[in-house]
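Both complexes shown next keep subunit A, but they swap its partner, so subunit B is in the first and subunit C is in the second.
Let's turn to the complex of A and B:
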């Protein structure tokens, strides 16, 4: 493929759009990491839950039952309601996962390795629930869910409305998260807990509720990512595997750091799309994991990794 | 002056280690009480158990005659506030944010609380936008005390506030503790620096490997030959 300015421009837009979806996923994952110091591998499961709830609401749950058992929501505001449902559902599943699988472990040991292993288990459970419930088929969101328009910017450069939409929504939700963390009472408590969870409890913060809130927020963000991923690709029970990319982005940006997760995600999205545009689509993952290896070699803490500077 | 805080027969073990054995203590309204003891005597264990941070085998804590709840966050809401050992300020948050999180239990924080903290420790006011991790050790200790006051506690608990500080800073901080007490806050302080703690407090308890070995008026303990030899050095 020859170098060509319009391809470059187009791939940059695509890359930012993909990167912003990664960012939604990476930020939630990083948020949980910043509080509980373990990689929550079930995070991809939350995304799948969100995707299927959205799909189900849009199609009237014919997936599960083979016929329309419910009034499907397109007539009632379509993607907006389905999206809200997906967010609420994935948030609830995230909270439930914490309460049923992680809380009992947290109460018995401070070894985060057990949490990591439990999260792998939950991830497998969620994936298989969907295999049993709806089968392993690839499913596309119904036509017309998102506007299919493309904008011609001249010079052969076109931009998909859906790319702009996912970029816009990602910015909206990341901005909302930033507002929540910086401007509200519970946001302040979450930032304090990220610094020192135990001491946050001494401030009169109900730590158990705080962790619940963190998982709910992570679930919401994962659902938004899940909806846009199912629109971009398709929906299937293993879609959560794409979280690996978000993990990589979070590590590159610095585990536990939210700005890091966003920067890492955008870099990764750009790298993927530029590789796809100028080298070959097959090389995308190679580039992603090479970036991870290089980052771990030269700056293992990532761009914004936690510096240990406590004064004793 | 009635009894404000009462700890009855508290025992804590870590596996086979019995860190605290049947310790009882009372703190009157507006009183300052000290617990002194060497390294590993069980002082921090006691404070953490009172605050619900460490589970105890036995023991009851009463505030104004009513049993304290079990969870730390409820204990803070009922009027106890701990300045933990090693200060534990939130290093990534600014001085102002550290004070604001201290007021978390209050439904309507009063700006005058923060003014009061700044009047006690003017150096905090000058550094209000600075991340707490960039403060000196002494300033971090002041911040930890200020943060604990923001929840308007009836009892302020301090775990070794003198740890690692220069004598002149220790004198400053202890002078402010006296001012805080004069404003009506009762103080329970745990210290290795026995001299300072005994000078500050009205009564004191002496802990040795988890057991109470002596208690009494701080003045009397300061003059006690055994205490002098074991805890006051010279």
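Let's turn to the complex of A and C:
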């Protein structure tokens, strides 16, 4: 494929927009990792829950029950209400997952592998609940959910309004998270727990509630990511698989580091879109995983991660 | 003694009269158990958590399929080459990645496993791509599967009680202490990875000969998780536990075949439940015979 600057520019914009959605997912995942140091593979499930709740609220849940059980919300604020519902629902599912599946494991063992496998189980359960409930079909959010306008920047470069929206919302929510972590008491507690969960507990932080809050926040961010992903790729039960890329982004940036997760996500989005634009879109995933492997070999701690003290 | 018991089980599985359906299950059990033994050596006995071992099964399966179908080579050398190719790739991957510890190796193994699967999917001229590789002859009869399982099982059970086996356990329990004792831990970890890759490679090659058809998506992250989950389910550090876990999961999944829609749901819920109710696995870190009463002499209790 020929190299030209308008393709480059176009793919950079697409890459940033995709990367910002990855960032929403990766930050929530990294937040959980920073507290409990395990890879929460159920994170993709939270995203799917968010996506389907949003879809359900927009269409009155006719997919699940064969008829509209609710007045669909477009008449009552549309995507805003649906988005709020998605966030609340995914947050609740995240907290529920933690309470039902992870808490009992946390309480009688310190092996993170058990949490990891349980999280794989949860992700399989969530995915298949949707397969059974609504079927495996690809579903697009109703027309007009997001403005369909495109802006022409000249030279063949166009920007979709929905890309700009996802970028804007990602910045908004990441800013909100930053404010929450830096300016509130619970934020302080979370930062303390990220350094040392046990000590934070000894200092009087209610660890159980703190972990609940962390999962709720992670669920909210995943839901936002899920809504924008379903706008971009349509919605299906296996959509959560995309989280693997957010994991990769979080690892590249440094596991447990939130700025790292954002930087890693943007890099990954750019790499993916530039590969799609200049090489072939089938190579996208290969590039993603090669980046992971190369990064782990050169600098396993990632760009911003804590140094790994184990050196043998 | 253990070898004799193993051989007897093998003989019983190979020659007991069975219906075709039961034979199929036995073949599948043997194939899954071979892979589970490999992963158990790495995860249970060496403490290296992998979430990418399905890729070695894929390498074995594709090597055997390409050799038998494209080049008309006899299946036995093809299956063995499947194991060897998996070992070769594992060595290439292991040299740089085994330096990583804990979660980082697990994450790297996801990346590597997916990368290998994507290469198989995109290298169409060699592998026929994502739509799969059909027309593999059915060389994995019940007798072949059981023979492989028995032979590899006997080797594995002797291996874990050998010098290497003790080295692996030592480096799992405390790597620093083990290297201070004079064990070459990097080299024994590498040996564990290579052996486990060989087991998975052979298992994949046998799977191809049983299914007559292979596809990259059969060896995705889900399969890798299943391999590790089965080992954890049986009990980390228990080889007979890994076999038991693998046999149980294979049979349960087989039992629910009729309600395939709910099968994966049940499987996922099972994973969570096992971790919640019995995270140490079915047998903990003991072997089946540690539970026998009045055992005389030998063996050190963990």
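Simple rule for what comes next: the second predicted complex is superposed on the first by the 307 of 312 C-alpha atoms of A that agree within 3 Å, B and C clash if a C-alpha of one lies under 4 Å from a C-alpha of the other, contacts with A are read in each partner's own complex, and residues count from 1 in each chain.
The rule is simple: a contact is a pair of C-beta atoms (placed from the backbone, for glycine too) under 8 Å apart; a residue touches a chain by one contact, two chains touch by 3 or more.
Since the model is a prediction, treat every value here as computed from it, not as a measurement.
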item: Clash or fit, subunit B versus subunit C on superposed subunit A; value: fit
item: Touched partner set for A:140, first subunit B, second subunit C, both or neither; value: neither
item: Partner chain in contact with A:188 - subunit B first, subunit C second, else both or neither; value: first
item: First (subunit B), second (subunit C), both or neither touched by A:203; value: first
item: First (subunit B), second (subunit C), both or neither touched by A:279; value: neither
item: Residues of subunit A touched, compared between subunit B and subunit C (which is higher); value: C
item: Contacts of A:121 with subunit B and subunit C, given as first, second, both or neither; value: second
item: Which of subunit B and subunit C A:148 touches, first, second, both or neither; value: neither
item: Which of subunit B and subunit C A:161 touches, first, second, both or neither; value: neither
item: Three-chain overlay, closest Cα atoms of subunit B and subunit C, distance in Å; value: 14
item: Shared subunit A surface residues [contacts with subunit B and with subunit C]; value: 310, 312
item: Complex interface listing, subunit C residues touching subunit A; value: 49, 96-97, 99-104, 106-108, 110-112, 114-115, 118-119, 122, 175-176, 179, 185-186, 221-222, 225, 228-229, 232, 261-262, 264-265, 267-272, 275-276, 279
item: Parts of subunit A lying in touch with subunit B, wherever the complex brings them together; value: 185, 188-189, 191-192, 194-196, 198-207, 309-312
item: Contacting residues of subunit A [partner subunit C, same complex]; value: 37-39, 101, 104-105, 108-109, 111-118, 120-125, 127-129, 131-132, 244, 247-248, 251, 255, 282-283, 285-286, 289-290, 292-293, 296-297, 300, 308, 310, 312
item: In the complex, subunit B residues that touch subunit A; value: 51, 53, 71-73, 76-77, 81-82, 84, 86, 88, 90-93, 97, 100-102, 104-105, 133, 135-137, 140, 147, 151, 164
